[in-house]
Amino acid sequence: MSPDKVRPLEALGELVRDGDSVAFGGGWFANHPMAAVRELIRAGRRDIRALTVVGSVDMDLMAAAGTLGHLSFSMVTLEAFGLAPSVRGAIESGALPFTEYTGLGLLIGLEAQGRGVPYLPYRGPFGSDIPARYPEIYATTACPFTGEELTAVRAIRPDVAIVHALRADAEGNAQWDGTSGPDVEMAKAAGRVIVTCEEIVDRDVIVANAHMTKLPGYYVEAVIEAPFGAHPTSHIPRYAMDAWELMDYAAAVSGPAFSDYLGQIRGESEAEYRERVLKGRDGVLRRLVDAAEIIEEAHA
Amino acid sequence: MTDYEIHELMTCRVAAEVDERGVTVMGSFTPLAYASYMLAKLTHARDAYLVGFDAVGMAPIQLSFTGAEASAYKGAACRWGMLTEINSIHLAGHGGVEAVSSAQFDGNGAINLSAIGPFETPKVRLPGGAGAAEVIKMYRKMIAYFGNHNPRTLVEKVGFVTGTRWKVGDRARQEAGLQPGPIIVVTNLAVLIKDEDDRPFRVESLHPGVDVATVVANTGFELDVPEHLPATAEPTAEQLELLRTKIDPFGTVKFDFVSGKDRLSYLRDVLDAEWNRATAS
Amino acid sequence: MSPDKVRPLEALGELVRDGDSVAFGGGWFANHPMAAVRELIRAGRRDIRALTVVGSVDMDLMAAAGTLGHLSFSMVTLEAFGLAPSVRGAIESGALPFTEYTGLGLLIGLEAQGRGVPYLPYRGPFGSDIPARYPEIYATTACPFTGEELTAVRAIRPDVAIVHALRADAEGNAQWDGTSGPDVEMAKAAGRVIVTCEEIVDRDVIVANAHMTKLPGYYVEAVIEAPFGAHPTSHIPRYAMDAWELMDYAAAVSGPAFSDYLGQIRGESEAEYRERVLKGRDGVLRRLVDAAEIIEEAHA
Amino acid sequence: MTDYEIHELMTCRVAAEVDERGVTVMGSFTPLAYASYMLAKLTHARDAYLVGFDAVGMAPIQLSFTGAEASAYKGAACRWGMLTEINSIHLAGHGGVEAVSSAQFDGNGAINLSAIGPFETPKVRLPGGAGAAEVIKMYRKMIAYFGNHNPRTLVEKVGFVTGTRWKVGDRARQEAGLQPGPIIVVTNLAVLIKDEDDRPFRVESLHPGVDVATVVANTGFELDVPEHLPATAEPTAEQLELLRTKIDPFGTVKFDFVSGKDRLSYLRDVLDAEWNRATAS
């Protein structure tokens, strides 16, 4: 009965066009749609106006590969592995136009679009220097009842959102168990939504876990199966972040060997990427999740 | 007295601010803040309600670079996403303690996580503030911590205000609809507090062995220096035991205190230990 | 470790005071906090300023018992069993002051309070006669970016919210499986939150079903175990609405026997109520849930 | 031709408006609307995305007074609450078809579910509109259905506007940021349509055996009467089979067509049948 929205990863090059504004899900080292990022690079997409809430290797890799035409963000960081070198370099040199949002403003702007209002008010970043730089995004507004001054943030409508889920069915009903971060708000705000997922499942599996469905199928245009599709970032509870690949990335990206690093990604399929980079490490990344501990409270 | 390292003292001092009122949210994996919250929850603030990643109502977790996120979900009561957290905690006045660090921090309680130099073409493009711009004003207590107390970080005025406490004194905060509470700065030298808009930070305590002149000389903004200056409490044996054996056995907190050239090898060692633990069983 | 917020149902008479504004959860014939409603009647609470989104027998019973001092609602109906006779009579006679909200306005007003803003804008009930009657609730506002005219609805802060959950732990983490309706927004908006539930469980049970936790414990002041606490309305998946008791109610409420009906509720404990009214019907109400069918699609 | 009853014809006619674009939401258990959506989803609109109670992405369900809610969750893909539904469907422009009934309805597409007589001390206090005040303007198609077409219900102007379509013509709707689409009235006599702001409803079709004078006489607002008036399509055998055996075997739709004095015993019979089915197995 359900519509079949299943597409191969290779279709991404057609689903996203040069110049599109694209919201990328995930946050920190969690759950970025990295298979999609790699595929956009393989497809040679350019001038992508990327939007991230807390970006990391996803934004840095695209900056390094020349995929980006503009970057909207509230944070981009490689955390323990340092400042994101490609993004940093591209901004410092003036090569990459950017918009720095405040984090709540960015999410509430996405929310506004998703719920059909041209703006939303909130107790904003009072005293921050950011709003004055972007009068087309931030304004001051007053409550019509109390007169309280609030920040208004304008609705943000990306052309496309790409988010990575645990599983989805052919209708596009998508589930997350661990970190979903900004994914749902990005999807609700975007003109078109592409869901990559660890696994495409029958509708029965979705129904049996209905409480994990955070994005109903009516939002979704395409569903793409991409196992380890967040690698080297994490997808809990399937696999931890691959800190070793991230160290390799951080070591390569600022050096002369980076064109080889990038060339390899460009020249292989996603299946070949998994074969090459994971080579047995997939089991370790799974066991890192199992090994993670909570502390039983001795004093209870 | 037990031997301890400075990051342990700082962790314990931040933990002392965590109480059982409101919700404490962890965003980025910032080991010192995480360790402080876990320590509080295992000792004096058992009922502290913790949120990390999208795990709401967390159990206390063991820290690791590769495992902290997975741990957060294992004992959590609820799952949310970023927007629900924002609207149900930060903006809803339920925020308890917010601990941040930043490239620059000034005497008004402003942070700079954006840019050193001109904003559009900066000398150093910093990571950005994520939610800090809005959040640090909304929480009952703002804690700023710095492993390297120096006048390039603690400056008279930040070059760019990513975010700020906005209102500081209890009365000004309450009039603005905000929870009353101070700004507390915990560094490798001292603890500073600001709880009035029109008074500078004052030195609350000096860490053992630090003299006040060193603190003043290393602070870019004006300080009130009370006549009587107590020593910052040292970690107890119980606290150190919890930190070293339960909360942070891999040493993730110390990583941020390791200097430039040794950082990568320290990180590699921590990650090796995490790998070995995962593959051992 | 967790705080123990567990209280007996009998504590409700102290937790809610005469004159309080109280939001009652549930909607239609689903999941109203009926054990709490009965207990408020037993405790003799008066002048309760009740708020419901879609009320039914909960509001009508309180109107009949003289519990209400004011009623805010977007709908009150007994559906197949007719217009709510006590509410209708009390309003028609002028005995019950009321505020009629539009349904979305009511929920968005609660939402506003819960997220710390004094109002929220939306594409409102344009053309409706309701907003002009309540200028202290509805206003016209303009988007500061686009100039679009929107409806502003003022934040609503009930003194208390009472909602009925499937289960909760002693810390107040509360879970729903079926209809939660307006419950979460009411709880987030209220000054104090009382959760009644079918079952109080250990924290382990909550953690194992974390995706069903819609209200985290930090919102909750008191947790009260009340099996069949939504009866005669439904609590899916535990039991269906008790249409037979609703017929009895509808038959009694407008007639001379109603003082007996009410006197019986006043004079018994909740355990006695269950014993008297359910008397073997509890199994049927459970089986009605099991018997409910979806239609397998023959043409798929 | 198969024998059918009027509520069956109406159900099929409403079902014909349901397509696979957007989301259709059921609130209160209004059997005719529910039955129409199920019929559509089982025949020409298999991909229709349905929401009932807090069950999102429902499978088609069998109707019953005591079981409809439980059924809704059994095959559903997702759970939400009222507010998420509002913000993600109604206000987000994802609403497909909205079917309502009301105590009064007028030629502007306004409904009265509030009060007959003075608002504050009404002659008849009606139930209230729930979300209808906002929702009927937001959906692509508004359907109003009435089992008893008469001039007390279909009035020139409602006594109180609980809600209204607001903008009717496609162009006016699009300029206001709304999805373009008509108002369709389905009664026991005829189908009426309005798709321009400055034109009255026009008669689209007459049910078999009904003459246009009866429709005009029983309608309180002005009507456009085209010269050529087709007969409303009658239910097919397949539709009747689905309605009678799969969708509504207990006869919940007919309940709203039973007159006052027989209603209670009809209801009691339906409920007995539901009880017996549940206890039989």
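For this structure, a couple of remarks:
To keep things simple, chains are lettered A, B, C and D as they appear, and every chain counts its residues starting from 1.
In this text, contacts are C-beta pairs under 8 Å (C-beta built on N, C-alpha and C of every residue); 3 or more make two chains touch, one makes a residue touch a chain.
Computed from a prediction, not measured in an experiment: that's the story for all the values here.
Between the contact lists of chain C and chain D, the overlap consists of A.
Computed from the mean C-alpha positions, the centre of chain B lies at a distance of 41 Å from the centre of chain C. For this pair, chain B with chain D, the centres built from the Cα atoms lie 57 Å apart. Averaged Cα coordinates give chain A a centre that lies 26 Å from the centre of chain B.
Residue numbers of chain D whose C-beta contacts span two or more other chains: 46, 59, 73, 75, 79, 91. In chain C, the positions touching at least two other chains are 1, 115-117, 122-123, 148, 177, 211, 214, 297, 300. Judged by the touch criterion defined above, the protein chains form a pattern that is neither an open path, a ring nor a star, and not fully connected either.
Contacts between chains, counted with the stated touch criterion, involve the pairs A-B, A-C, A-D, B-C, C-D. Across the complex, chain A is touched by residues 20, 22-23, 46-47, 49, 56-57, 59, 73, 75-79, 87-88, 91-94 of chain D.
Residues of chain C touching chain D in their complex: 27-30, 53-54, 73-77, 79-81, 83-84, 87-88, 91-94, 100, 102-105, 107-108, 110-111, 122-130, 133, 148, 176-185, 214, 234, 236-237, 240-241, 243-244, 247, 284, 287-295, 297, 299-300.
Against chain D, in their complex, chain A makes its touches with residues 1-3, 114-117, 169, 171, 173, 188, 203, 206-207, 210-211, 213-214, 216-218.
Remark: chain B residues 27-29, 38, 42, 46, 53-54, 59-62, 64-71, 73-75, 79, 81-83, 86, 90-91, 110, 113-114, 119-135, 137-138, 160-166, 177, 246-247, 255, 264, 267-268, 271, 274-275, 277-279, 281 touch chain A in the complex. Against chain A, the residues of chain C that register as touching in their complex are 1, 115-123, 136, 139-141, 143-146, 148, 150, 152, 154, 177, 209, 211-212, 297, 300.
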